[in-house]
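Order of writing sets the labels: A, B, C, D, E and F. Residues in every chain begin at 1.
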């Protein structure tokens, strides 16, 4: 198993952070890198969508949405009763794991490209679709559906977060502009993509190193969940991918999406909607354990799983 | 030089609260505010501002004592239990007191 | 009429801003983007200048300068008496509209390239020439020409503002280095140009959204001026372009430059030289109305106008 | 521990004034200053610092009462009418008072 | 509204000292701190923060008088001679005094 | 002698700074540019290393390390007795001049490429090797080697500074990933390299302009040292390069490295380890005099010297 170079940047950041190097990226640069990644992913998906008929994709989209609602509903009782968390914490973490991590998506896409494995390029559409349902589920799990639910401000939080806006914006622009229209901006959004991803992962390594010192505090059970649930979710994702007739690459992507846990959109939304949940808990799990697990160990595993499902030859 | 005594209310809070705080300040009669980005540590752990919503903001409001008390009471009731937030109040002399009285022309538009 | 993809980024930013999304670009990134745009535009113009003899350009340069003095002198009485502004405000806004917007220049250049229309590549020289005269006119309109005028600090403000320094610096470096000398830095300044412009316009959309809430406050007349004057100025620019024997593309560019209103160099200079003018007023007009009008509606209009002047076939 | 009482003058002003303010401070006898970037809202509207010159700066000067008054009076006369600027003054204790007296060795070089 | 009086200690120091200062604060009993990036000028010249380690940080600590004095004395002894650093102390009222007493549960993990 | 375009950007920044233009790069952008430069240099060296056997390089590496220890030991007595500095200042400045400037390395590499002169691409390895010894020498010159020396925190300062971490990290990643592995991230780290270097030098020009006003204060002797010592060190470096059998280009690089003075890694380490040294003094010399001297005048000189050593034909 060879490690993708972009993952080496993650390990560099992680090592530097754990050794307490004074290496640090300004937060403005972090914002810049995520801006390019989110728009780049959206654009690539949008260009591909402009070649598809949305009609044929509709059944897939529906199935994906269903998975987005189902995963947090499965995660919640595990967190509440097996891990033993309080209700708001269990609901918030369930939302994190039901949603997706765009950084993890970027890594699996890079992994497949460098292995020469094709996948359905409109996958970014699924990323967007998977971002939202888990947030709704998480909130309803805590608040119930009552008259007093402020759906307006909730929708604002969910649909107008930076992540959803940039991904959706990129999708729409790519879709409207098409291959040719996007061509003059490819230099920034496509040609630099992997380099930008490398820097992003360097920074993620530094951040994860910071998180790791917190992790012990939150108990072994949560850490077990942070590895076991992704493995379970990946098999759901891979199975669904197979059912929907996705290619081998597409199946790997869907498994990885299912296995990934949000650390951008969901934390922001949960902080406002369920403030009594402890944000350190969910970040320690999703960022401190699941993210590194997925990009270093998980993706090759999900690849093997998908190959198995597609018949050993792959 | 004629000066008047006012209160300087300083709030340090987690950054995602910015829009909420700004709205609260306007509603409670502050005529202005000043915000700087910050990082720090408190009872809710380290907030180093390295990424996303992990930073703090530091908000200053110059106002009369009543307004300061009203804001402090409201923030304490509304945010203390669930959010990283502290506040403290000191005395300052100002030159043009009319700029810092409360309640006339409430500022309601969200900033930043 | 198809919309250029970079303009879609502007609309994305505008929409996100109007919907009060939490999307925001750090000001350091805004500075970075403008740095690349200004230097890139300057370099491109400079490389072209190294192929021209400045002698043959001298008459054109003179005419351009004249237009730079004339436009604010026409705008001023309109603002003072038709719109009914106070003297400092009228003078300051006249300076904004007499000068040019580099962002608008970048959009019209991108527009022409994607339409496959050639234009005189040394146009950035005109951008620099048009930046300055209007500022001087604006100041003299308020202060008169008295002994007490602090020409030294004025010249400092006008010629050493970031915009003029970077454009001129780019021009000179491009001119000295020539095509071959610039080749190793093309990756950053030319290949990424349109992507950087896209991000810049995204940010401009967010900023304009912020401005728009201010606009209503300043009355209908100013808003009418912010659309009517550009249309008038564009016809002056187009006519002059035709007279000077510019190509169709060059005529479109000159019309657009005339129609554009500064929102970087002039505000900074006016703030120091005419502080009693209300800066919110000029920005609401130039940034809140004229900039979006020009890049979305104006440029195709000026294109049609130029085609008309060049004989219907275009 | 021996401490001395000094004045802490805080100025919040639109960012393009930085060079001017720094020169004024030096001329009026401040021995130092500290600047942070800020944003805010006041009588001249929202200044969110998102781009170009739309931000504020927050300047602090520790000095004796006379210097503080002189600076305050000058800034009020020179900038209040046309620029976004407020200032307020509080009391602080300092350890090494000689660092914060006015007027000896005026600092005239512009900063930042 | 019940408030208590505490001390607000403000330190302005060259940025590379951040880790050291944060460790010192924890050891000396501060229960929290707030940091903003700053620039400025003082007896050691202009520190404009334009690159690398040329900036300052501005650290605030709300604590009781004893803790403030202990921190001030330590910083003066340890850093004044060789580093760009000033500090000053003022009075503030706080709402939840228990958050700002010294010495219980010392904070020792380095921040930022 | 033609000036490389990237050096023109330095002159632009210098001019703007000396004329007190309001041009300024946010420090976040400065950090971003150095991040790309340091990683890019490391990666390039690492890729080349993956083609070499470290065994054959060992003798060269040893010789380079020796030079790294020798140079500060030569500089120290000059600074202490000829320039007349206090012990901590002399030691600190000796460390600066014994170490290297990565920015200067980037300029000499760009110079050689644009002159079409090849050089050993694994040179970044030497950059890393030269960063560290001088720091150790500097500290020992002040503190002596006593029981109380806190070697742990010293090693931390020296090996975990941002510069060493990013260069070494880039070297290792390039070495592990090899030519093919690095290919997808070349867009950012190699294709943009010279453009990024140009912006970096623009910023350095602004910073040097700020330093220059300080320079006079520190006396002529130090300024003489800041030019004379690099000339001397360059001849050592060139001689060593010849002895080690380096190519013409490699000899130029080694001469330039020897002549260059650190202004990133060493200042940071010295500030913590020898705080009683005045940092303004060493920066005024290394940044205010030596850096501009080397990139504008020095490099062509060292080139001539190397050609002479390689036999006039070159």
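Keep in mind that, in the parts below, a contact is a pair of C-beta atoms (placed from the backbone, for glycine too) under 8 Å apart; a residue touches a chain by one contact, two chains touch by 3 or more.
None of these values were measured; they are calculated from a predicted model.
Visitor: Based on the averaged CA atom positions, which chain is farthest from subunit D?
Guide: A
Visitor: Please flag the chain sitting at the greatest distance from subunit B, going by CA centroids.
Guide: F
Visitor: Indicate the whole-number Å distance between the mean C-alpha point of subunit A and the mean C-alpha point of subunit B.
Guide: 35
Visitor: Centroid from C-alpha atoms only, then distance subunit A to subunit C, rounded to Å. What do you get?
Guide: Computed value for the inter-centroid distance: 41 Å.
Visitor: Take the average of all CA coordinates in subunit A, do the same for subunit D, and state the distance between these two points in whole angstrom.
Guide: Centres of subunit A and subunit D (C-alpha means) sit 47 Å apart.
Visitor: Can you list the subunit D residues in contact with two or more other chains?
Guide: If we look for residues of subunit D contacting two or more partner chains, we find 36-37, 46, 48-49, 90-91, 109.
Visitor: Two-or-more-chain contact residues of subunit F, please, as numbers and ranges.
Guide: 20, 22, 24-29, 32, 191-192, 268
Visitor: Okay, in this complex, where on subunit C does subunit D touch?
Guide: Listed in rising order, the residues are 24-25, 27, 30, 203, 206-207, 210, 214, 263-264, 267-268, 271-272, 275-276, 280.
Visitor: What does subunit C use to touch subunit F in their complex?
Guide: 26-29, 31-32, 35-36, 39, 156, 160-162, 165-166, 169, 172-173, 176-177, 181-182, 184-189, 191-192, 268
Visitor: Which of the residues in subunit F come into contact with subunit C in the complex?
Guide: Listed in rising order, the residues are 3, 5-6, 8-9, 12, 16, 19-29, 32, 110, 113-114, 191-196, 198-199.
Visitor: Spell out the part of subunit B that touches subunit D in their complex, as residue ranges.
Guide: It comes out as residues 1, 3, 6, 8, 22, 31-37, 62, 90-96, 99, 107, 109, 111-112.
Visitor: Mind pulling up the subunit E residues that touch subunit F in the complex?
Guide: 14, 16, 44-46, 48-53, 55, 81-83
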